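Each of the two complexes below includes chain A, the first together with chain B, the second together with chain C.
Up next is the complex of A and B:
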């Protein structure tokens, strides 16, 4: 009776990482099992050990990862006592894994067909590469394409096709759509669910996105600090969460509140803080026709009033980040006019300390936007010193004031720390403080929360809103996430393929989208816009 | 029992760094003894103090040369000359390569194009003939040696550092520093350069090896200052006095081993430097430290069961 054997059975699994002071436990005696054909979701924040589990199942966890105890059985096969050859045989055949970044999973110099064949040659596959592509809804004529010729979503579909090539009993999806847009994410999961129905494999989906699990999973487990704190059927879990952490995690997800009416501040005819006319940024040039190969920003005319928060929403590649970088002067437009606080932005190459800067950038990558070798104090001092009109004697006081504004107190305890000693949320607060050093009129926040854990996203968004209220700084919030846009912004502007397709008050756009693309964007949000939980907000411990 | 356990623990813990430890010990002995040449060398290295090609004895532990000089004293004084010239060349080539690379990264545009062109020209010039020609026309001596090897030795480093600097330039903290209005030279010197530490260190160690071997080769060809004692000139004189035919192996094995051991110890030390810039090497060492003796060649996650 093979059907009674669970697709995955994990008992008391402990996994650790070797450090200078011995092995540090990352997964602590975790047990769970997945029935054949079941769709299980494992949710948790970064560092909780969910990806460590995913990679341990196929013994793929890299050094210095070590499995320190317990048992893993995939369709009845013991993975931990098997030797290397046996484990390699079980990979692809009984279980396979889909990782977050399809670009690194695929070989860039081999055609898709060759890579699919490689998997099929391991034996046991009954499909041809063309059938595999058809299975994941890709035109079989793309077989001869190289990975870079496919879109991010298509690449991930190819990897899923590879994972299913030898009809395994289990596929592990480790954050498969985190790097993709919501619309693409939705389409991929529609495909996966349809395939699962037909082929009957079990799925373990690792994600930080609880609302996504509500849409796709049969059962949900929540992890914290290497332990599973709660596991329940999706229907049960959705109605009632047993563990306070699950509740907190769920209520931390920003939601759009349609019940309160948005106060529309009546502003007189004040000059806008940002104004663009027919702004164009194009890349590459066709040597024969002389026309641009790619128009990243295409004829954008846009206005932003003082103290206004406008969300610029769009998919990746829509040109929203390019627009943000033009506004701050990091890149120069090809043509068109741009005025920030009445002046053309000074390009960075001609910027000197003391040059007035009306617009400042808050970066997405909280790990990359602070120099790992310098202290927090260094970052802020430099920003303060090069700000216009700074009295050199007041630098320390100004740095302390900035840290206080972004809620990093006591300030002296942060000055000598280096970025790696801070959490992601604290790093983004430092990023905000740095941007505020020059007292800008406009903050350009490029996906400031997309790399942060769900539980601190709302805190950072609230902080941005508070800075607007207290300092009157206008915010251009660039994001792919319509929910957070609806949460924080006064107005929403939707960008699609370099063009502005829709603009209006946030709630009006979300409630009554005019453009087809906006409608698709909103429909693809996992769990819907106003997440129907009756839970009151719970503060995270 | 406890002795055995303790011994095993120490052995396992040190296993990861034993090559590095060996490298450091060899280098310290070599540099230390040659630095103290004036006090510990038994004879004047240039004077004939014994018979011709004397076999090693108590009076001359490493034997004597074809001209009756003491090989041990030559090894000590020669090492001093060889090593300071080699380290000077390594410092100069590293600095020159850094200056060219960072200027490229700082100015970009046509300056970068010109410097890249110059670097490529120096890369494709066959260096040994150029060295021979230069060394032949200039008066032999340490200054010539340093100049010749610096001119021919910097180009690869410039290319290495330039590519590293350009990839670091794309990091967001550089864009953030530009955004707050930092001057460009400051971005290069304070934000960019310190992040290149591990590459620069690894390159420097390799340059010392390059300088020692290149210098010895030139001197062996007779392009050095024949009157000055160095490891290379020891080899030159051994060859000239037909040491091989006469069976006086100690006259060329000693300087040859000295050059090989210096290069060997530096290569071992480079292991530790490599680890700074390569987290995978560090991960493997930590695994060994945690008691997994077999390196993860199969890349299979190891399983350890507590008793």
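Up next is the complex of A and C:
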């Protein structure tokens, strides 16, 4: 009989957030259910209410969130009417959750073993901590490790092991791999799918990444503004999307267009805008041998022509961001030569008002890179005034021109706004305008879209491409995402452990990767690169 | 372990610098204190007595560097010279008599305010926005904004003088230190209550507020959500996860607080005539007793260093991130 009870049954669930003007609805009469052993995907953009649902299931919602109506049953147990002691009993026995940020979900000052034991002490567990670790392919000798001694992927595996400790009927994965690299993401989902096959739990995977759901989910539901707009089998959904929003979400994911032939830019005797010779940046020095503990950038020789977009692709820790920071003069190399527009970059601390800024940085964190206290106008005016060779009389005109260039019009309406009044995409546009203020020859864009919602990523990438076309600025696009790299870049350079392992025209690298690491990187992309696939869907083991 | 060794080396170096400064500073000022004192006697005493006096004060005509080496050697042997105001008592004896009481009063009051303050702060954050959270911080800040000596005098007047609940001074009732028996310890504690309570009352505010703020930060962390989601009992989430982590910044502050014990409770010791180092320092200053002052300054400096080293070591045990050389 137990198999007939759905692992999760949500009926007309409404959740709101209390504000000064009453309750603002975040989840609006949502109903869905998950059969035992089913893998369901819930897709949507930030603010659509998908994480609110995840928290409501375990009754983890904190004030000002309030559940205003509906019913949630986990494996037949009513979660909403039970008192808090009962809810605590049910948590982890019936359903468990894996949170988004692998780096912060474990208590930094307690050993892994202690944090696993804590759960097992509640009773009902069938395994020891060592067996749990083994289950998720982590060496049991790591039990006495502290979280910071494990990689992000390993930490998320530990949390998954923890989530399975009391053999719940449902595990909720709330964007579990957003902070991780694609290869790590793929490995984790292979593990989850294998465990699911063996143990038979149901999964609710919450994500913004539709292609990922195509690879792993049995059924997909799409959420928008607190409502489920469409739900269907993965196979059906993949072929045909009913709701226009589902279509929009899917088409927003950049695809590599292999049909058009890439014009090969004339590379005559033009001097490159960026050129490095045997560039090395090492950290830490062994006091006895004098050898470096870590070589973040290891012997990089690299050229970037004017008006060229080159994507520097690699996993986190591959040294790609370090390279970007050397180029912009934020840090200095240990050895080797670097020329940006024919000059060695001047360290930021020694920069004088007149120094030309050939390379400018566009940051990843659109929330942290604009001081929240100042208006957009203030940010841009400062950038314009500090740029060399600015005529102090037409600062306003220059600011307006910059805003127009990045598509923030009418410009007057943005000048007096502060960063929190803008969306993530608009903020990144401001970031681009600020970088352009000094009329750089080269933009270093370090993961400029990874914190943005899927639907606006392509707009920002298109904007970067347009700026290149109109202003002739070269772009070093640093990313872990080969798909977006293939979408925007002329050339792709792949970095692995500080070394440049492959370099070539974007489409050639993607179509016909030479290095083993590049192949793994491409194979790990959920949903593939958008290449016409004649072979059947790659089934995960 | 390497981390602790590195810290130890740092503190030994710092202590050495402190001793050196402590030696040279008085000697660099024009009219060095000891010779001034000798000079006042120079008309009334004969050569022989003056020489004896010079020797007693440790005044020689040796080159400065040689004096410095002698000074270092003396300090290593625990010889700080003779007190001027209690001549011919050894400075080290005077300090030995006072240091125990200072440490007792200091540690008791600092540890009490640390424990009580952290507990109050944790409680305020755990029930954030509750009645306690709304009233405790402002009240504690109000108490903390009193000048130290004013509160001490006020409490002394009310509880010791008017109500006579507590003794009017000293650390024990009899002339000699009490025996180590139950009644003896009781007598010492009885004398300790009023001055310790004063220090606790004044210093409670920052402990509470810092703990509250650290807790609020920790409570919004993912691992706390996860701990709650795991179905742990609220008490366990509070103590094993939230307090355990939020306490770390307060422990850093504890080092500074313990180090500041001797200087911080000076006025309390004076008001309650508690026979600790602060009281000795006041007497040394008013009697222009330079050897005693110099030794006391050194003790204060060294105790700050020692306390910080202890806390650094403790931190290694409590925060594994420091062990890897990150954090910190």
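Just so we're on the same page, the second predicted complex is superposed on the first by the 529 of 541 C-alpha atoms of A that agree within 3 Å, B and C clash if a C-alpha of one lies under 4 Å from a C-alpha of the other, contacts with A are read in each partner's own complex, and residues count from 1 in each chain.
In the analysis below, a residue touches a chain if its C-beta (ideal position, glycine included) is under 8 Å from a C-beta of that chain, and two chains touch if they have at least 3 such contacts.
Source: prediction; values computed, not measured.
On the superposed chain A, the positions of chain B and chain C overlap enough to count as a clash. When the shared chain is aligned, chain B comes close enough to touch A:69, but chain C does not.
Of the two partner chains, chain B is the only one that A:372 touches; chain C does not reach it. In the superposed model, A:117 lies in contact with neither chain B nor chain C. Of the two partner chains placed by superposition, A:127 touches none, neither chain B nor chain C. Using the contact criterion defined above for the overlaid structures, shared-chain residue A:60 touches chain B and also reaches chain C. In the superposed three-chain model, the partner touching more residues of chain A is B, compared with the other of chain B and chain C. In the superposition on chain A, contact of A:29 is made with neither chain B nor chain C.
Shared-chain residue A:383: touches chain B; no touch with chain C. Residues 60 of chain A are contacted both by chain B in one complex and by chain C in the other. Of all residues in chain A, those touching chain C in their complex are 58, 60, 88-93, 96-97, 99-101, 104-111, 118-119, 122, 146, 148-149, 159, 162. Looking at the complex, you find that chain C touches chain A at residues 221-223, 225-233, 236, 240-241, 244-245, 248, 318-321, 324, 326. Chain A contributes residues 18-20, 22-23, 55-56, 59-69, 80-81, 84, 87, 328-330, 348-349, 351-355, 357, 360-361, 363-365, 368-374, 382-383, 386-387, 431, 434-435, 437-438 to its touches with chain B in the complex. Residues 171-173, 175-184, 190-191, 194-195, 280, 283-284, 286-287, 289-290, 292, 296, 298-306 of chain B touch chain A in their complex.
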